[in-house]
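Take a look at the structures listed below.
In what follows, chain A forms one complex with chain B and a second complex with chain C.
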Partner chain A sequence: MKSPEVVVLGAGGFLGLNTVRAFLDAGLKPRCGRRPRGNVLGLRGLGAPLVVTDFTQPETLREAFRGADVVVHAAAHYPRFSTEPQETIARGLAELEAVLDAAVASKVPRLVFVSSTATVAPRDAAPSNEGDLFAVCPEWGTYHALKWNLEHRLRDEGRLEVVVACPAACLGPFDWKVGTSALLVATARGVPPPHPRGYITTVDARDVGQALVLLATSSAPPERLILANEAFDAHELLVMLAARYGAPPPPRALEAEAARVLADEQEHEAQKTGGRAALARELVDLIVHSPRLDASRSRSLGLTYRPLSDTLDAWDSWALRMGLLQRPRPEKSA
Partner chain B sequence: MTDDILTQRIFKMMAQLSVVRVPDIKMEHRLREDLGLDSVCSMELLSMLAEELDLDVPMEEAAQVTTVAGTVEMARRHLALKQAAAAS
Partner chain C sequence: MHHRSTDQDGNPPEAWLRGPDCPTGAASSLWDELRSGDTSAPWLIFHVGAVRTSFSRGEIAERALGWAAAFQAAVPAGVKRVGVLLPNSPEFVGAFFAAQALGAVAVPLPWPVVDGAPERLIEALRPVLQRAKLDVLATTPGCATIDWGAPTVTAPLAPLSVPNPALAAAFMQFTSGSTGDPRGAVISQRAALGSSRAMASALQLGPADVGVSWLPFFHDMGLVGVLLTSLVARFPVHVLRPGDFLMRPRKWLDLVSSERATLTVGPNFAWELLVRRVNPEGLDLSSLRCALNGSEPIHRTTLDGFIAKFAAAGFKPNAMLCVYGLAEATLGVAFSVPEAPRPDLEIEGRAVPANGGVLPGIELCVADADGQVKREGEEGELCVRGPTVMDHYFEHADATAATMRGDWLRTGDLGVVKNGTVYVTGREKELVIQSGRKFHPYDIERVVAGMVETTPNGVAAVSRPDAAQGSEGLVVVVELRRVSGAIDPMLIKGELLKVLGVRADVIEFVPAGTMPRTTSGKVKRKAVAAGLLAAPANKVAS
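And now, the complex of A and B:
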């Protein structure tokens, strides 16, 4: 049987790099969609072709998608700050529309869209599964609202097959923009981050890559798939990380409202200075509103999840090479 | 390529991403503090450079570059490696 032709959008990003490597490990050579000025240092040398995919230039998308069987979309708009919800949602939807229209124009049969567990609605008495999507847009934050709007739009798509992956908090190598791993960097540098009470469910980005390969290549993939491994109390996770890196223990967990106020203040300040917020509003919302997750469907498809210790070992090794960690972690730490 | 030409090409790339104009860029400038390039922009700059000069620069090495001089030095080193590989 002919191997599928795959395009990975956002190939140079954190999940994109892990996904491209998973495709290569599976013996497939995807076309790596990159923005005109995107960082492709991690892609050069992998042997997969690079194609420009500029969401503001639909012809570049149509050209990149020509002859493809699957587009894996790991480049959905990801706001740096949560301060402009309407603009963020409008941009995210416009970019998604451009991808969908180009995929249809190029006769791509399947889109695998990387969403988030932020769209998974909580259940009262049981862990949430793939059937749990918020009926209406969550109103507590820009990130949740954006992700809900994107998935909501995809549910109306009838022109091609759409498969949605909902990964939890991704950790692992190649997080070069320092997204979720900001928690690790801050802790390892002895500045444990402020955080709210709540839960963090983690997943190794390499496992997400393997899951996306499965969703791209399966003859009958599920419409929606939760990708999640271990759930941690956020504070206990930071205590464990502090012990791992020989760092001071984290501050006490904040109540949700105090965390939201602090994050909003920090994001406004970071926008003025061009820096980063020590506590991102997106992270607060994700921790406070984290549902318990049932990822049994992914396991039933044969997917396995590495334990967090393996994920952290891989991240440490990469982060040392990147200069994000200044020294190896102490030998006898957790 | 002479050092001057290489340096000017790099300065032009920096000016595309920064608010600082080419004539005002100095070798001693720091990418973040003086040119206003955050870590993501710095990586994009070094990626542009690698593509334009067809250099194989590992991301881990690019991440250590924090100055204009360091950028030029990295480009020089990889150009020399490329030329040595082509000659062998």
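And now, the complex of A and C:
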């Protein structure tokens, strides 16, 4: 049987690179979509072809998608700061529309879209599953609002098959922009991060890559799939990380409102100075509004999740190479 | 309204206030007002991210003529009513004034707080659209794909030559977002201009002022309080969208600070959000002379909290102004002004902030249920008359008859008049006000009753004060036919959000026979609310 032709958008990014590697491990050589000025350091030497996919130039998307069976979209827009909801949503939707139109024009039958557990609505009494999507857009933060808008748009798409993956907080190698792993970097550097009271559900980015391969190649994938491993109290997770890196313990968890205030102020300052917020608003909203997740559907499809200690080991060795970790941690204990 | 007989016993005078005459101007319609005089100065400045786009009155008029051409093309037989379903944008303002240019009635419709996917929320607008009998709907391309039962227009055409419309009503304001029994207050040109001029006059607004607003234009406070008041007083307004403020409250004050705004407006919850979320560091609010708080019950703690916190940013205490109005009076009824601060009223140990004196053109009295005017200091229903009161509810004679007593508008709000000052003390009408948005309880009850097996009339939606949020919480009490009939409260909360866009704080299930009712079997919502405040109900689950 002919192997499917796959395009991975955002191939040079955190999830993209883990996804490309998962495809290669599965014996498939995806086309690696990259933005014109995107970082492709991690793609060099993998042997997968690079194609320029510029969301403002639809012809580059159509060209990249030509003859493809699946587009895996791991390049959905999210800015560095959560300060401009209206602009963020508008750009996110416009880029998604460009991808959808190009996929339809190039007769691609399936799109696998990487969304987020931010779109999973909480339940009172039980963990949330794939059937739980916010009925209307959450109004508490830009990240949730954007992700909801993108998924909502995809639910109306009738021109091609759409499969949505909802990964939890991703950790693992190749987190170039230091997203969730900002918690690790700060802790390991002895600057324990401020954080709100709430929960973090983690998932290894390599496991997400494997899940995306499954969703891209399965003959009958589910429409929506939660990808989540272990749930931690945010503070307890940071205590554990501090012990792992021989770092001082984290400060007390902040109440939600105090954390929002701090994050907003830090982003406000960082925008002015060009620096980085020690606490991102996106992270606050994710921790505060984290639902309990039921990922049994993904396990029933044969997906497995690495324990957090494996994930951290892999991240450590990558981060040391990248200079994100300044010294080897004293002992492995997590 | 019945005056009391002459009183010889030294009792307080009647609770009856009369403002000065309503100011007039050369223009007799909003369309004329838009185009009169020099129209080239910046009027509306829209902020989207770092991009600001400025429009003068002349440019808005040009845009309106483009929309008008498109409306005429869509409905060659003539346009009487135009729905405007758009976010805060030049498009909204253009379409609104296009209706004015054609002598048609504009019907602003609620747009979701967060842009992007409004279809689901506005599905619930169908009863409003049917009641409004729209000829055409101005909206976005995404919404135009929905079958509204009327032609949709999504973009202006080449401008019409300037029409000369017959004067009609200016717009129709639906008094809650969505409802099974929609009421569209018909606002005349005279009322629209009069109310705007009265507010501008009371606050002494003029071209030297600068406004900042995130309020939605479809809301009476955004439409009349901001858009039309700035139109008649000729001052520029910097416009944000509601979602920008709700997700990043600081943006509001940043804009006030950077643009040296003199006027801004918000419901109490919004000021409370600023108190809780925003650090005054780096802000300069010294230019603000009118910070209006209205549209929902006002909390003294919010006022004091804001004044104390933002004194460090130069905010002047007498700039915080409590105002009272309602859509049926076009908007403003009583306004505090910076020059004349008035004391709170102590009622049962509670400090009720003063809403100031009545606006020009407004006559107000406090009356009992029979229309007998009360005395100063006595609580009763606030009743209002004057040139800014609505004509009627559109094609709803019953609701009009129940709301108007002769030419007096029964506001449904409770209040007291003392020393020429209006105090709003509570609400006779049963309404849930959440973040400035108004919902009729029976809409909420109808949705819930469709989901759960309840006793007849077995759902009560009531609000309760939520001091922490500076707004009101919604409690839905469900009387179950069978004790085992409770369902996951999240399902009910989700459905209410989906259908009405209202957030329920608590869903409470109670066994049959425990809901307070009238002898005819109707739910006594006030008794339910009082019971919630007094003691936990006989709950099945919550």
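One rule holds in what follows: the second predicted complex is superposed on the first by the 331 of 334 C-alpha atoms of A that agree within 3 Å, B and C clash if a C-alpha of one lies under 4 Å from a C-alpha of the other, contacts with A are read in each partner's own complex, and residues count from 1 in each chain.
The rule we apply is simple: a residue touches a chain if its C-beta (ideal position, glycine included) is under 8 Å from a C-beta of that chain, and two chains touch if they have at least 3 such contacts.
Just so it is clear, the model here is predicted, and its values are computed rather than measured.
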Of chain B and chain C, the partner touching more residues of chain A is C
Touching partner for A:P85 - first (chain B), second (chain C), both, neither: second
For A:G274, select first, second, both or neither according to whether it touches chain B, chain C, the two together, or no partner. first
After lining up the shared chain so the two structures overlap, which partner does A:G323 touch, if you call chain B first and chain C second: first, second, both or neither? first
For A:R44, decide between first (touching chain B), second (touching chain C), both and neither. first
Is A:K2 touching anything from chain B or chain C once the two structures are fitted on A? First, second, both or neither. neither
Where does A:W176 make contact in the superposed view: on chain B (first), on chain C (second), on both, or on neither? first
Both chain B and chain C contact which residues of chain A? none
In the complex, chain C touches chain A at residues 48-50, 112-117, 119-121, 241, 243-244, 246-248, 250-251, 276-279, 282, 488-490, 494-495, 497-498, 501
Residues of chain A touching chain B in their complex? 12, 37-42, 44-45, 176-178, 274, 318, 321-324
Within the complex, chain C is touched by chain A residues 82-87, 89-90, 93, 121-125, 134-137, 139-142, 145, 148-149, 152-153, 156, 257, 260-261, 264-265, 268
Which residues of chain B touch chain A once you look at their complex with the stated criterion? 17, 36, 38-40, 43-44, 46-48, 50-51, 56-60, 62-64
